[in-house]
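Shared between the two complexes below is chain A, which pairs with chain B and chain C, respectively.
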Partner chain A sequence: MQELKVEKKRSCIDNVIDFFRQRSIWMLHYCTGCGAVELPPSMTSRWDMERFGIGPMATPRQADVLLVTGYVSLKTLKRIIRTYEQMPEPKWVLAFGSCTVNGGIYWDSYNTITNLAEYIPVDITVSGCMPRPEAVMDALQTLMKMIQSGEAGAYKKYKENYEYYKANQDRVLKKTVPILGQTPKNDLEGKNEDAKE
Partner chain B sequence: MMAVLRVFLFSLFAIFIGLLFMGIGRKVIARIQLRYGPPFYQAFLDVGKLFSRKSITHNFVMDLGMVMSLGGLLATMLFVPIAGHVAIKTSTNLIVIMYLMAIGYLGMAMAVAASGNPNATIGVSRALTMMLGYEVPFFTVMLGLIIVNGTSSLELISQSQAGSILNWNMIRFPLSFIAAEIALQAMMGEKPFDAMIAPAEIASGPMVELSGKYLGLAFLTHAVSIFVETAIIVNLFMGGASNIFTFVLKQFEIYLITVFIEAVFPRFRIEQAVKFLWTVPMGIAVLQLILILLK
Partner chain C sequence: MKMQKSDIINILVDRGYSVFDLYHNQIALAVKKENLLNDLIFLRSIGFEHLSFITAVDFIDEGEFEVVYHIWSYTHKIHILVKVRVDRNNPVVPTVIDLWEQSQFYEQEVHEFFGIKFEGNNDLSPLFLENWVDIPPLRKDFDTREFSIRLYDAEVDGGDR
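Take a look at the complex of A and B:
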């Protein structure tokens, strides 16, 4: 897998655009795990994320950053990948809690993944079980700094190394196909599967 | 050439004031909820970011509809007198405004219906139903004022209230003002009447498929609609203004009232909202109309 090259020379226009991007980060309001419970206090009056321009948004089309809050089961992973691919660029991923780094307390579970960064590119991780709202705020502010300096470009990595990510995704998503019933089919975009759900 | 420049400057001014109001409104809501809140220029940052993002279009009708909704509201704005200045002079601009204001919402309806998302379709059908709800009381209020002044020129109506504060239609016809305020709340899509947006319910309704530049255009449309609607109320009830600063200040007072109501109220369901709009503000407006006719 290629490492992402950070461009040293950045033009003035890049800096201005990145200033706008880092001061107005919209999160996807899609809570995947138990870590989501830490988000309401960081959004409301105790910690108040909105003072940095960070706010929740309802759909992936409008969102800039995808928060993966906590453990990711195989079925959730399928939805996360679909959601991630629906988001327009530039987009960032914040992996949240120990479960997304090394599996956390679910490290030997048959039904969860252990390292999210193998399946979608992750910009920044917060470890902890659960991370406190201060840690979440710290992570988001680090993300803001990374956006301003041009380091937060994991979505480019996804395009460049799509085969690597796709192979990993296919390897685990095979397990989500029902054992009884139809012949195993393994497509992420599968419209037939959607209709059934 | 001068006319084109004039139209361009008026549009820029309306967008600037609208975005400023949106930012201040968010700050005020944050203070009411005991939060620090975003900076007052947050709306500019949001729009700047949205225009720098990649955006997804579904078909040509979606592009056309988004431009039509912004264009329709900007066209409305050109007929609204702003402290004595008006981009296009007519003698019956209230009727033109009433017609043109619907075009913005119809453009939005066209754009989001073309995106094919069921949430968007639900949102837009709710928005059009809401339009049916607030236009009836608002037009009744306008009718009363047209009868009193014997003209449908917004400039003449605002000039007729010159002099002291006691001449304002707000004091002379308080019932009309209350009815118009409630209708304005629905017109702006603020809290008791925001069933068409409802983020937790239908995923922000009409905006569900809009990304990047399209959402930016929707933001600008909302900014212009705030400017137009508050300007109409200021001209109808608060006697316009002699200079532009007083005018914007009066607009801001009107906007602040809607923001206060927005900050503390929950949401009506769509049929409750229409029922409310057709009974309470409509009843108040009709009562005032009868009082005007008996005079």
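Take a look at the complex of A and C:
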């Protein structure tokens, strides 16, 4: 997979645009798993996310950041991909909790994926099970700094490496042969290597 | 008329069932597959009119599935578990869709997760799993850890991500 190139030289107008972008992040209120319970305290008066210009948004067409809040089952993954592809650029993904990093306590379940970054590009991950609202606020402020400096461009990676992501998505969503049993292990690994190249 | 639990146990023992007294309002009943429908109709006739759930247990060492019908009585406030054993290689149970309509969904679910066929139920299409090609996932011989490692690249002990 190609590494993302960060442009060192940024024009004045980019800086101005990014300044306003990072001050008005609208996050899509799409809740998967158990992490969604940490968002109401983050949004309401105790931690008050809105003082940084972060607010909830109901539709993907108007949202800037997608929070994946917890374990992702195969059915949810399908919806997450549809949602992510509907969002207009620039868009960012915040993966929430250890389930989206390595599967967490559901790592050996038959219907939850283990690493979200294989299927959609992730800008920033918050570890913890569950992360406290302070961690969420910290991650969102880090995301704001990354937007200002031009580092938060994972959505460009999705376009450049579309085949890699699509192959990974199809591998889990469009199974045609049994994973256990007849199919030898090497077969699958070979397919995966091809997709990465 | 409300009956006490001991009275119900006496009635069932008199009819020749093997009855297990589990909790203060719960009893279990082991029945044979051939008599399953008759037994359920009898239970319904003495006031156990509500089917709460159908589930199954995989006894892989004994080569059998155990299908469990959870039946509740609003008059006696007693919960009966009707257990029927079927052969693991040919798991077929008669459907109870004519007795309780809601069993349609429970039978679809048990069929999806254990592969047990319900004879007489014409719609055993998948409910929850999409595009599933392996053996049913709640059987004991389905290795969910190995499945996760092969399909989702899961790493033991979390890996180094």
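Everything below uses one rule, namely that the second predicted complex is superposed on the first by the 174 of 197 C-alpha atoms of A that agree within 3 Å, B and C clash if a C-alpha of one lies under 4 Å from a C-alpha of the other, contacts with A are read in each partner's own complex, and residues count from 1 in each chain.
Definition applied: contacts are C-beta pairs under 8 Å (C-beta built on N, C-alpha and C of every residue); 3 or more make two chains touch, one makes a residue touch a chain.
These numbers were taken from a predicted model, which means no experiment stands behind them.
Residue contacts after overlaying the shared chain place A:Asn102 against chain C, while chain B stays out of touching range. Of the two partners chain B and chain C, more residues of chain A are touched by C.
Of the two partner chains, chain C is the only one touched by A:Leu74; chain B is not.
When the two structures are aligned on the shared chain, A:Glu160 is found in touch with neither chain B nor chain C. By the touch criterion defined above, A:Glu151 reaches neither chain B nor chain C.
In the superposition on chain A, contact of A:Lys175 is made with chain C only, not with chain B. After overlaying the two complexes on the shared chain, residue contacts for A:Asp138 are found with neither chain B nor chain C. When the shared chain is aligned, chain B comes close enough to touch A:Gln62, but chain C does not.
Residue ranges on chain A touching chain C, taken from their complex, read 74-75, 78, 98, 101-103, 107-115, 118, 171-181, 185, 188, 192. For chain C in complex with chain A, the residues that touch the partner chain are 129-135, 137, 142-155, 158-159, 161. Residues 26, 30, 33-39, 42, 45-46, 48-49, 52-56, 199-200, 203-204, 207-212, 215 of chain B are the ones touching chain A in the complex. Residues 17, 20-21, 23-24, 29, 44-45, 48, 50-53, 56-59, 61-62, 64, 88-90 of chain A are the ones that touch chain B when the two sit in their complex.
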